[in-house]
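In this document, chain identifiers A, B, C and D correspond to the written order of the chains, with residue numbering beginning at 1 in each.
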Amino acid sequence: MKDVEMKMLERAKQLLESGEVARVIGWKKGEFFYDPTPASFETVDELKDFVYDWFCGANLSKYLIQMSKKEGKTAVFLKPCDTYSFNQLVKEHRIKRENVYVIAVECLAKLNIEAIKEKTDGIVKSVDVEDKDVKVVTTNGEYTLYKPEVVLSKCAVCNKTHQAKDEEIILHERPERDVNRFEEVEKLEAMTEDERFAFWKGQLSKCIRCNACRNVCPACSCVKCVFDNPHSGIAAKANDSEFEEQLFHVIRAFHVAGRCTDCGECSRVCPQHIPLHLLNRKFIKDIDGLYGEFQAGETDEGKTPLTSYTEGDIEPKDVFNGEAK
Amino acid sequence: MTKQERVENMQRLSGTDVRKCMKCGKCSGRCPAFKEMDIKPHQFVSMLERGKIDELLACDAIWNCLSCMACVERCPRGVAPAAVVEAVRDTVVRMQGKNGITAEEIPPIVDEFIPQQLLVSAYRKYNK
Amino acid sequence: MQEVSTEKKEFVPNIVAFCCNWCSYAGADLAGSSRLSYPANVKIIRVPCSCRVNPTFVLKAFQQGADGVILCGCHPGDCHYVTGNYYTRRRMALLFSFLNYMGIEKERTRVEWVSAAEGARFSAVMNDFVKTVTALGENKRLTDLRVKEGE
Amino acid sequence: MQRIGVFICWCGSNISATVDVVKVAEIMKSEPGVVYSANYQYMCSENGQQLIKQAIKEHNLTGIVIGSCSPRMHEATFRKAAEAAGLNPYMVEVANIREHCSWIHKDMDEATEKAVILVRTAIAKVKLNAPLMAGESPVAKRALVIGGGIAGIQAALDIADAGFEVDIVEKNATIGGRMAQLDKTFPTLDCSACILTPKMVDCAQHEKIDILSYSEVEEVKGFVGNFSVKIRRKARFVDETKCTGCKLCMEKCPSKKGLNEFNMGLNTRPAIYIPFAQAIPNVAVIDPTQCIKMKTGKCGICQKFCGVGAIDYEQKDSFIERQYGAIVVATGFKPIELTAFNEYGYEENKDVITSLELERLMNAAGPTGGVLLRPSDNEHPKIITFIQCVGSRDTSGCGKPYCSKICCMYTAKHAMLIREKYPDTQVNVFYIDVRTPGKNYDEFFRRAVEQYGVNYIKGMVGKVYNENGKLMVQGSNLIDNEQVTIESDLVVLAAAIEPEPSVRKVATLLTASIDTNNFLTESHAKLRPVESPTAGVYLAGVCQGPKDIPETVSQASACAAKVIGLLVKDKLKTNPCVATPDENMCNGCSQCANVCAYGAITYVDKEFRLGGGKTEIRRVASVNPAVCQGCGACTVTCPSGAMDLKGFSSKQIMSEVEAICKK
C-alpha cells in the first residue's frame, strides 16, 4: 500500500506543480491513523498530509459536484467502486466531466476499524496488512486477524473494476472473485413476512435521523433534498412522529433505485450500524431479476431501469420476492 | 356426479377451451380419417360444448382417430379437437378400468417399419 | 355489573384508489352509471395518469391509516399519455416488492388496469380488493416502522 | 385566508335518494375555511349556476367545491360559471358524489358518510389550488397527410378545398395506393380506376396541394398547431421537374426483369419505370438494385434517349422541413405474408393466388390484359375455389385475431365478375361466416348466390394439394356434415390485411399509440374515432382498423373536417395543468426528460445567486407548456421533487390522501 501511496503523492505533486490541475482530491491524515478524511489539496505544500492507506474507504466522487464547478481542472483519485458513482453523476449532468482528471487507483479492499476493534482488546495502535493477514498491535498485545473478516461490508462482496479513468496507478493485479452480493438479501427474502418486518423494525428503530446516509450518498446529491422541499408534501418542519420520520428510509431507497451503484457508503457511515445497503440492494436485485442485469454507473450515458420500460414488463401482481410468480 | 360436473370434468380433462371454437370446420376439413369417424372432429368440440357426453362416450370415432393432431395444428382458434377425442377416449378406458397395452408388450411388436407415431398414439389410445 | 359486549365490531378497511382520469376514473363512472356496487370504504382520487402517482402518496396513505392502496390505469399500450402506465408498472412492481421485503403484506397493494369501458371490471376489482384487505385486517405495520419507546 | 363555498347537488333524486344532501351541506358549514354551503336540486341548471355565481360574488369566495356528478360530466360547466362570476376557473373542484357514491351504495347512512368524506377531500384540495391561466400557441396553417391512397387523397382534397395548404407524403413513386390496384369496387361494380384517377388528377392540379411522392417522414418535432416535420425525398434518379412521362426510357431500358410491384409481381418491368399508366406524378423512377448503369457503371441508355435530360444517376436523397398545424395519418394496409399457412400451398403452387393478385389478373391494365388466365400455363381456369378467412380471426398465433372486414364482400364481387364474364366457370367459396353489414351489401352477396349461382360452402379448407397437376382442395361442408375434395384450376386466398408496416415508425415519430395488431389507436372508439390521442394527429383508413372504401372515404372526410376546424383557428388554448419545475431545486439530471413522451422538457443553463455576491450557473429543466400534456410522469421521476404538476400538485394529492385516510 505504501508504494501505491508514494506513486499517488508523486503524481499529485507533478500535476499541481505543472499547473495541469488546480487541485487534487484525495485523503489526508485524520485524528487517528485509522480515520483518514477526504481532502482537497491546492498546493504542493498541503500534500504533506496526503495519505492513502487501508482505511481510505470514503467515496470521493460526490465532492466533484462542487469541485468541478470551480475554476481549473480537478484531479481526483478514484477507487474502482467510486468510478461507478462518478459515472452516474456525469450521466446526471452533476459533474462536469471535462473539468475532472480521474486517476484510477488500486484498491485491495478497505478495512473496517469497528470490526477490528471488536475482535481485539485494548486501544488500537497500528494495523498492517500482509496478504490475508491483518496484524494489529494494541495496548493489550498483538493480534493477527483474517482480512476478509475485517474489511468494510461493501468490500466483502466487491467485484468492481474501474469504469472511468484518464490514467491509472495500479501495481498489483486483483484476483477474480466469485461473490454473491445478494446473499444477505436472499436470506431476508427467505424469511416470513413477520420475520422480515421484525428484522426491519428492529433495525430502523435504531435510526436517529442524523442524515449521515443521505449526506454521504452520491445519489443523494440533490440541490435540495425532497425531504427539505416544502412542495413535495413529505417534508416535515420537525422530525416528530410524522410521515417523513417514519418512512424516511423507504422513500430514500426508492429515490435512489436504479441510480444506486451499490457503493455501500450508507452502511459505512451509519453511526447506528443499520445495514442500509440491504435496502438499496433489494432494488438492485429486483431490477436485475425483473428487467435484466443493470449496473448503475457502468457507463455515463443511457436511461435507468426506472426511466425505461418494455411493453412486456411483468405486472406488479406477478412479482414475488423479486421474481416472477 | 351430476351431468354438469361430468361435462366440466371432461372439459378439464381435455385441457382445451371448447368455447373458443368459431365453427369454421377446418379440423374436419383436414382430418385424414374423416370417413371413418362417426362423429366428426368439429362435432366433438361442439358436442362437448353442449354437454352431449353420453353420445360421445358411445361413439366409435374415438377408436378411429389417428391422433395425428392435424386438427390441432390447423385450428385457427387454438382449440384442440384431438384433445377432446382423447379426453373421451381416456374416460372410456378408465371406465373399463384397465390398460389396453403395457410397456412390456411393446418391444416384441416393434420392427423397423412401425412408425413412432403409431406407438405414441397407441399408448395414448389404450392407456388410462 | 355492566355487561361487556362480546360482539366485535366488524372490521371495515379504508381503501384509497388512485384512478387515472382517462380510463379508470371513467371506468368507475361507468360502474356508477351501471349501478354496479362496491363497498363505500373505497375512495377514489383522480389523477391525470397512473404515472402521476408518487410512491410517497402510497406510503402517505398507509401511514395515515389506509389499509389498502390500489392504483388503476389504462391497460398497457392504451395509455392516454402513450407511455405513462409503463412507468407506473415498473415503479409499482419494484415498490410493492420492496414493501413486501420490509414485511408489509403484498395483498395490501395492487395495480389494476381498467379501461373506460370496464365498469363491471372496476366494480369486480374493488369488491375483490376490499375482500382481500378485509381478510388481512387492519394495517398496523406501515403506520410506523419503528419501535416506540416502552413498546 | 381562503373563503370556500360548497354546493351540494341533488341531481333530482339521483343523489338525494341515497345521500342526505341537506345534512352534507349542513356539515360542510362547519368545515374550516368554508364560509358558504348550499344544496340545490340541479346545480348544473341555469338556476343552479346562478346560485353559484351569486354566492361567489356575495361571499367573495376564493374557491368552490361542487358535490355532484362526475367531473368528467360537468367540471367544464362549473368552471365556466365560476369564470363568469370572476373566479378563476381552476379554483373549482368537483366531488363525485353521484357515480362514485349515490349510484353504487344503497344504505343512506353509509352513502352520506362517504359523500361527506369526498366533499372534504375536495375542500382539502381546493384550498391548495392556484389560479391557472390557459396559455396560447399559434397555428401553422398547413396540413400534412401521410399516405397517398384514397384516404390521404380524400382528406387532402377536402382540406385544400377549404383553402388550406396540404402536403401529401407518399413513400411510393405514385399516389393512388391500394385502390389503384383494384379492378372493380363493391357493391356497385364500378371500375376502381374510373373513380380514383380523377381524384388523383385533382390532387395534382390543386393549387393548394403539394404531392411529395417517393418521400418519407423522417422526424417530427413540436405539437398540435405547430409540428415541425422533416421529410426525406428519396432519390428517384429522375428530375421530377423535367420528366414528361413519355416512357421512352422504359422502352429502351435493357434491364427488364424487375418484378412489377404494381401487378403484385405477376409480370416484369424495366429498371426505369412509371408504376402504372395513370401514375401521379407521371414521372419515372429508377430501381438502383436493377439498373445496369448503377450496378456496373456501364449502360446509360435511358440518359442517352431522354429528350429532356431528366436522368440523373448521381441524385441523392434530399430533405425538406416544413411546419404543419395538423397531421393526418393514412398509411393504409397490405395483405399478410402467407408463410405460416403452408396448408394452402401458396408458395408451392403458382395457381394458388391471393385476392389482390386476382384483382390484377382481372384488370384490363394487368399482366393478362384483363383476360382471366391462370399463372402456371396461361389457361382459362374452369373451376375456381375461393378460401375465406386466410389468417383472419386466427388466435392461434399464425394469423390475425381480427376480422379483415373486406374479404367477404370482395370475394362475392370476384365470384360474380367471373361468373358474369365466363359463365362456364364453376366458382366455389369456402366460408366460415359471410359478413355483409353495409348498405346494399347483403343484397350484393345474395345476388352472387341467387343470380350467379356461386357455390358457397359453409366450412373451412384443411389442405390444398397438387395431384397429377390438379389442385385438390379438401375441406369440410358443415351443413351436410361432409368432407369434400374439389378439383380446382385456380385457388384464391382471401388473405387477412394488416396495417402497412411503416406505420410503426410513423406512430413512434408522432407519439401516436398503436395496438397489438399495429393499428393506430383512436382517442375514443365511439365519440372520437378519427382523432389520435396525440392532439393534432388524425387517423384515416385502414391504419386505424380494417375498413372498405366507402368507410375509408367517410373517415378521411371526417379527418378533414377536424383538421379544418383546427386550422381556421389562429391560436390554440393550451391546457394549463402542465408540469413545472422549481428551478431552485432542479438538479438538471435529465431523469424527467427521459420519461417525457412528448419531448416537452429541455435544459437550460441558468445563473443563480448563492449569497455573498456569488453566483452559480446550473443546468435546469424547462417545460414547454404548449407541448406538455400534463401526465405527471416527470414529477415522480424527479428525485428532488422539483418537478410538480399544476392542478395535480404533490401537495394537493397528499392533502386528498390525508383527508380520506384520517380517521
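A few points about this structure:
Simple rule for what comes next: contacts are C-beta pairs under 8 Å (C-beta built on N, C-alpha and C of every residue); 3 or more make two chains touch, one makes a residue touch a chain.
Just so it is clear, the model here is predicted, and its values are computed rather than measured.
Looking at which of A-D and A-C shares more C-beta pairs in contact, the answer is the pair A-C. Ranked by separation of Cα centres from chain B, the top chain is A. If you average the Cα atoms of chain B and of chain C, the two centres end up 46 Å apart. Chain C has its Cα centroid 36 Å from the Cα centroid of chain A.
Between the Cα centres of chain C and chain D there is a gap of 34 Å. With touch defined as above, residues shared between interfaces to two or more other chains in chain D number as follows: 595, 637, 650, 653-654.
Contact of a single residue of chain C with at least two other chains is seen at positions 55-56, 60, 64, 77, 83, 87, 91. Shared contact sites, meaning residues of chain B that touch two or more other chains, are absent. Taken chain by chain, the contacts fit none of the simple shapes, being neither an open path, a ring, a star, nor a full set of pairwise contacts. Chain pairs that touch one another: A-C, A-D, B-D, C-D. Chain contact summary for the complex, chain A toward chain D: residues 69, 91-94, 219, 221-226, 229, 231-234, 255-256, 259, 303-304, 306-308. Those residues of chain D that touch chain B in the shared complex are 343, 389, 393-399, 430, 432, 458-463, 474-478, 481, 483. Within the complex, the chain D residues that touch chain C are 70-73, 96, 98-101, 103-107, 110-111, 113-114, 117-118, 121, 511-516, 521, 525, 533-534, 577, 595, 597, 629-633, 635-637, 645, 648, 650, 653-654, 656-658, 660-663. Residues of chain C that touch chain D in their complex: 14, 16, 21, 25-26, 28-33, 35-38, 40-41, 43-49, 51-57, 60-61, 64-66, 77-84, 87, 91, 117, 123. Residues 20, 22-31, 34-35, 40, 42-43, 70, 74-78 of chain B are the ones that touch chain D when the two sit in their complex.
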